[in-house]
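Each structure below appears as structure tokens.
In the two complexes that follow, subunit A is the common piece, with subunit B as its partner first and subunit C second.
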Partner chain A sequence: MTAEATNIRPSLFQTDARTKRRNAAEKRFRLYGVAAVSFGVLALVVLLSSILGSGLGAFRQTFLTMDITLSAEALDPKGNRDPAEMAKQTTITYGKVLGAALEADLAAKGLATEGLSAKEINGMISKEAPAQLRNMVLADPDLIGQTITFKALANGRIDGFFKGRVTMESAALDSNVSPAQLELALAMRDAGLMGLAFNPGFITAPDASELRPEAAGLGVAILGSAYMMLIVLVLSLPIGVAASIYLEEFAPKNWFTDLIEVNISNLAAVPSIVFGILGLAVFINFAGMPQSSPLVGGLVLTLMTLPTIIIATRAALKAVPPSIKDAALGIGASKTQTIFHHVLPLAMPGILTGTIIGLAQALGETAPLLLIGMVAFVRDYPGVPPEGLLDPAAALPVQVYNFTQRADPAFIERASGAIIVLLVFLLMMNILAIILRRRFERRW
Partner chain B sequence: MKSAKLMTSALALVTFTAGAAAARDQIQSAGSSTVLPYATIVAEAFGENFDFPTPVVEGGGSGAGRKKLCEGVGENTIDIANSSSRIKQSDIDTCKANGVEEIMEVRIGYDGIVFASDVAGPEFAFTPADWYNALAAKVMKDGALVDNPNKTWADVNPAFPAQDILAFIPGTKHGTREVFDIKVLEAGCKATGAEEKFVAELGEKDGEKACLGLRTDGVSVDIDGDYTETLSRLDANKNAIGVFGLSFYENNTDKLRVATMDGVVPSTETVAKGEYPVSRPLFFYVKKAHLGVIPGLKEYIEFFVSDEMAGPAGPLAAYGLVSDPELAATQEMVANEVPMGELK
Partner chain C sequence: MSIGLLSLVVIALAAAGFLVGRRLALSKTGGDLRLLHSLPGYYGQTVFLFTAVPALLVMAIWLLAQPLLIETRVGAMIGPDDIPQGSSASLVMSDVRRIAGGIDLILAQAGLNEGDLAAMGADVSGVRARLGEVGVALGSDVRPTVFEAARSYRDLMATGRLAMSAVVLALALAGFVFALSRITPEFRARNVSETFVRVLLIAASLVAILTTVGIVLSLVFETVHFFRLYPAKDFFFSMTWNPQFRGGSDLGIWPLIWGTLYISLIALLVAVPVGIFAAIYLAEYATRKVRAVAKPLLEVLAGIPTIVYGLFALITVGPFLRDYFAQPLGIGSSSSSVMTAGLVMGIMLIPFVSSLSDDIINAVPQSLRDGSYGLGATQSETVKQVILPAALPGIVGAILLAASRAIGETMIVVLGAGAAAKMSMNPFEAMTTVTVKIVSQLTGDTEFASPETLVAFALGLTLFVFTLGLNVLALYIVRKYREQYE
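Coming up: the complex of A and B.
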């Protein structure tokens, strides 16, 4: 009696030692949670700001405009305006024409070029520009003899100067650009002949070599990734869903199906490079499919994505209440009818979410592509499917990897830019998954 | 129902591809990451100026490229292996075993290997002996081999600043490492007299091998990635010295200060004249059976070694390739499609 009496709290408003301890523990746990979340958010902010900070520049590029007279002597020495004949003039000839034209144009516009050699003036124009001009002239031979206003990419170092990557001090040490060139660039900007503008080429243009980082783009990589995702979707969704329905609803429960189940779960955890080795051995060496093609890439990624989709689909099928199934069977529907009319539609949001998450994972994968020859320099766009699936292509994560390996510092910006594009695609896919789930999800 | 339809279309796709191991119309090459930038420059110009598709160029390393070349003959194997070291007899044997009988060896030019530190750091004038004394596991001291006691560069050579030794050298999978081993470590081993001692102690073969043993106390760091990784490591450790390809250095002269070797400043000129000691030839190997089968292959290799590309005024030289003084002989060899003979 007396012991119990002392335990009785005198008042609800006065907390005893044990309650205080419990409350403190509660508070501590909440703090841990807040700390964990804020650490995560901080990491994300640092990551995003560093990527955005160094990558957004890739979407803007320095262009220069110049008036250029396309002389027939240099570009069509035979004078017959026959594109086949004119194709003999290589980009090297066009490069010289461009350099001379820029020098003449600057002189005509009263910009001082003293102290700069012809080579240095020519060096301010991107090496991509001669190819652009050549394609323009070959497509329309009548341009010869005319004076046109030509908008060309500026060299990567000049571009770096306007973006703050190159300074007068660093240019003095740099063997690829001189302070005099930067002075001229400033004068050209003041004259309105040079400036930063939005660069759609970064999204649409193909990769470029180390001599012209300013022209490198993601066109081939985006197409390659899209083709692969198409193959993954077309193959892994039906196969995955069919396998899960069979395993979940029809297969007898015995040691064999147990074995399959364990293997599927294990496959989901297999490192992706293993699928690359498999792809090389089976699809390229045995089946003789072409290297570097989105088809082989898509097949390898399909193998990698299948376990993810099967696991998600089976979970979604399991989540459909048995009462619905029983009711359908009870009024005389066959098992197939029950599944296709009632269970599958109800499980669809879960299946689609799983599929999209599997696809997003496949989109960001580089390792298996390394072995099947997709980590490559590819400049030609793949053709229209289905034939295009056999043409060589790159992929977005591969392009990021390739850019980071190049010597020219301008590629660092492009690697971050490519990451931004990849993140945007992933974000869109995840948003789609959320929308689908929200739209079709039913609760019981 | 829907999934049944999808299934049939999927099956259709698979059968379609099985029947369509279609003729490949673009050139495929793979190999050395040192040759990769040159190969991409040529591929790009080739695609622009010829009526053939742009060749596909893969990296992966010299050894990996040669292995791929030797996988066999056929459209799903590559046509060209880029290599920063010479092909080995073992590669040729693998090739023969897989039916690749004739290979053309094309030397495109030379590449220098430079030693560079942060641009704000002090200047260095190295000799191979300095590098041997800085990095080797055992060095000569008072006529005997002892475990390397050198902590700072001043210990190695009193003319150097008292800066801690820290070197980023290419990992063993790189072709560059082979050159570093032979032209720097072995040369240094010989110059300091350590090799003589090693040979006396261990015999001819093991003695020469012992020269390449590096100290393991963390002052010599193997970089398995590429030069961009070495550069970022230098950025973090301003006291360190890194090993780079000449072309990489030429593209980053605003960040790196290059050291001389035997008193010679590395540049395309000094490498071409043979004055700068640490250099090597660059090659590509062409599967002869693919000539005439893969459209544009002959044109591509001729374009690669043409004066407009690989000559001293061409874009490859602008990027850092030391052009080959015997380029004309190579051009003739390519034009006549002469396969390589026995390895010497």
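Coming up: the complex of A and C.
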């Protein structure tokens, strides 16, 4: 202090040491700020690109394209085209048909298969493909006797090879796939028998077992999530709006109202897993509702979403100018009429925006659903509501968790792919919310 | 009658009631509106509300209560001999439910009648095979008493359904007639329907209280249950967590609390400096354009579901930290570690800190800044010596809220932190948290009434109390601060 304070500045055009130091500190401080913002944005970019990078592959799958002659002797020995009779032919029979078709195709293209047993060649086809062929034939018995072009899923390891997950070196150590099979796969790709193509099954098919990552899809999970969102919407919108109207417009200022308000703000911050414990104890153990059902999931998510909707609705109601209320009251409307005829319609865009954001939160919520049994392996699509709401189902985020718990690395790709689907839904909901706000929100 | 159909009938009746009520009110005055107390629609509304609301309410309560009552009645039919070794009453009850469902299928497919059922009950040897044919696979042969229990379960369910339909319809009709009978020109229909609506509004806002009560009761009840089976002293003071399927577990909470706090600490070490500097930059330095882009981008981080962060930790951050830090330094070989979970959670928490701090910094009055600039302070000196001290209580509140998020966070730690309950200082080792153990104890196959499962409720209660305390404190500080400049 003393040295600098007494130091008489030689010229205004020359910055002294202290000013330099202060300016440097200023610059540094600013830089910290830039660094912090960049760190956040960079983290977002890395996060999204890592998910996209590992997940986009799930939408494309390796298929074997082959011509199959569905011979009546093998598939419908009685020859009466009765699906009940034909159902006696198991997937093993269909597997043999597929194998024979593949061998015929290989021979026709003149691809060498020395050193590969028939079992190894058949092993290149997914174990799910015979079941798909069987379902196709049972659904349309007239196919029997025809020669059809069938796109069979390739085994997960072959698929991994084309996506770079499996290499010749790793295959040499892997008991499930051999380098010779990969060589043949390469030759088949060059001959046009095999290749990557868009895989609609990833969106529509149900989950598949641990050994068939290539067949695993999100159909049941998407349906289950949709059911839950339906329940959340139907329950939380009316209850949330009703509660907000009471608290904002009618409630007298007393201890009871304070109690409700404190409750709501605390519920908004309770960890989500605690809601799962609530669902398990109250809805499943006490009320006896079925485990893993969208109904229980929907109820739990409703309770979680309510605070969000109530907070948004109250803000929207508050934003309606009092002059509108005063005008309605002034020409003789009752309080209820004022609110339901004038305030509520004006607040509706804000309420809907808040609801959509609440729904988006609920859609991505995982932890409470784990506790109410949604982790179960479900292959059957739930039925049509309302009864279907009691059927077991999966949910999109829980499906991601399920995929990550499996050993085969192919499921990591599936998990990332499922996240992409989830993020696309969230993006659409948020865009809808933004559009609603931009188009209908009024500022007074 | 199925629930969907029943509710449709009630609603249709109520809608008809609206029309009839309106028409009736008008006809009572010979079509002269002026003689009515309220607008005709309100007379219709009272009929609608009195028809629909009590009936649907009773239906909802009935649906909750019926399974409880029936299960206690049927449960009494199953003696202790019917419960096989290694099984439990609840497992036998679930068999009973499945057999009851299977009987319906058998009846539907084979065209049998109730008399054949009695015959089946007399000789139960073939029942398991028949149930297997309709897709109800059972683990063991059906005992006669269990089969009888299933039959009476089925009968009771059917009777219950029938009784419910009758009661609900009767109630709807009674409400319909009652409301119609009240309609006279002098009847204050608007006041009645508005009071009714207001009661509904109050009921809706009670849901929040009910939820809290439900959370607290379910946690406390099961925790008390747990402490009857397992000494509270060991839970609160033991340093080992080692659950065993066959009993004799060590369920000390400290390793879990250690893991939770360690991970939260790392998360806050990431999120607090980044969040606060980002908030300062956005509030004080950034141009309008930069702010318009960067602020929403940071807030996107808050909108991403936690499972996405969990997967990010699992497939990207974990292997990266293991290959480039832990293994070269020789301090760890696992990709799930405290560091992985903490780092990713820190990224998730950035917007929680930055958004709230941003608001609070913006709320500091401009006059304080102007005063500081007037004295010759640079912008950073103003921030450090004037704005931050003024905003400090609010920022502390924001940090506490972020800490409560970190403690209650589940998916990131489930996928990123590992499952080993350890108390170690090495951040590159896998440790576990309270939330991870709640998930793993409640998603396993252990019997519900064992201490290994019930401990999850004690953990949940601990978590709830912890986060609640932090939230209340944070809200108190933020509210206190807000008042300061208003």
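Following the convention adopted for this analysis, the second predicted complex is superposed on the first by the 397 of 444 C-alpha atoms of A that agree within 3 Å, B and C clash if a C-alpha of one lies under 4 Å from a C-alpha of the other, contacts with A are read in each partner's own complex, and residues count from 1 in each chain.
Following the convention adopted for this analysis, a contact is a pair of C-beta atoms (placed from the backbone, for glycine too) under 8 Å apart; a residue touches a chain by one contact, two chains touch by 3 or more.
As the structure is a prediction and not an experimental result, all values here were calculated from the model.
After superposition onto subunit A, the modelled positions of subunit B and subunit C overlap sterically. Contact with neither subunit B nor subunit C is seen for A:Met229 once the two complexes are overlaid on the shared chain. Ranking subunit B and subunit C by residues of subunit A touched puts C first. In the superposed model, A:Pro386 lies in contact with both subunit B and subunit C. Residue contacts after overlaying the shared chain place A:Phe39 against subunit C, while subunit B stays out of touching range. Contact with subunit B, but none with subunit C, is seen for A:Ser175 once the two complexes are overlaid on the shared chain. By the touch criterion defined above, A:Val375 lies against subunit B and subunit C together after alignment on the C-alpha atoms of chain A. Judged by the touch definition given at the top, the superposed model places A:Tyr246 against subunit C, while subunit B stays out of reach. In the superposition on chain A, contact is made by A:Thr404 with both subunit B and subunit C.
When the shared chain is aligned, subunit B and subunit C each come close enough to touch A:Ala287.
With both structures placed on the common chain, the touch criterion links A:Thr336 to subunit C but leaves subunit B unconnected. When both complexes are aligned on chain A, the segment of subunit C among 91-99, 217-225 or 469-477 whose C-alpha atoms clash with subunit B is 91-99.
Overlap of the subunit B and subunit C contact sets on subunit A: residues 238-239, 242, 285, 287-288, 370, 375, 386-387, 404. Residues 2-4, 64, 67-68, 71, 190, 194, 197-198, 200-209, 211-212, 214-215, 218-219, 221-222, 273-278, 280-282, 284-286, 294, 297-298, 300-301, 303-312, 314-316, 347, 350-351, 354, 378-381, 383-384, 401, 404-405, 407-411, 414-415, 435, 438-439, 442-443, 448, 456-457, 460, 463-464, 467-468, 471-472, 475 of subunit C are the ones that touch subunit A when the two sit in their complex. Of all residues in subunit A, only 87, 90-92, 127, 131, 134, 166, 170-171, 173-176, 208-212, 231, 234-235, 237-239, 241-242, 284-285, 287-292, 295, 340, 370, 373, 375-380, 386-387, 389-392, 404-409 touch subunit B in the complex they form. The residues of subunit A lying in touch with subunit C in their complex are 22-23, 25-26, 28-30, 32-37, 39-41, 43-44, 46-47, 50-51, 54, 238-240, 242-243, 245-247, 250-251, 259-260, 263-267, 269-278, 280-282, 285-288, 303, 306-307, 310, 334-336, 360-361, 363-367, 370-371, 375, 386-387, 397, 400-401, 404, 412, 415-416, 419, 422-423, 426, 430.
Interface of subunit B with subunit A (complex): residues 1, 3, 6-7, 9-10, 13, 16-18, 20-22, 24, 26, 28, 30, 33, 36-37, 39-41, 43-45, 47-49, 51, 53-54, 56-60, 71, 74-76, 78, 119, 226-228, 247-248, 250-255, 308, 315, 318-319.
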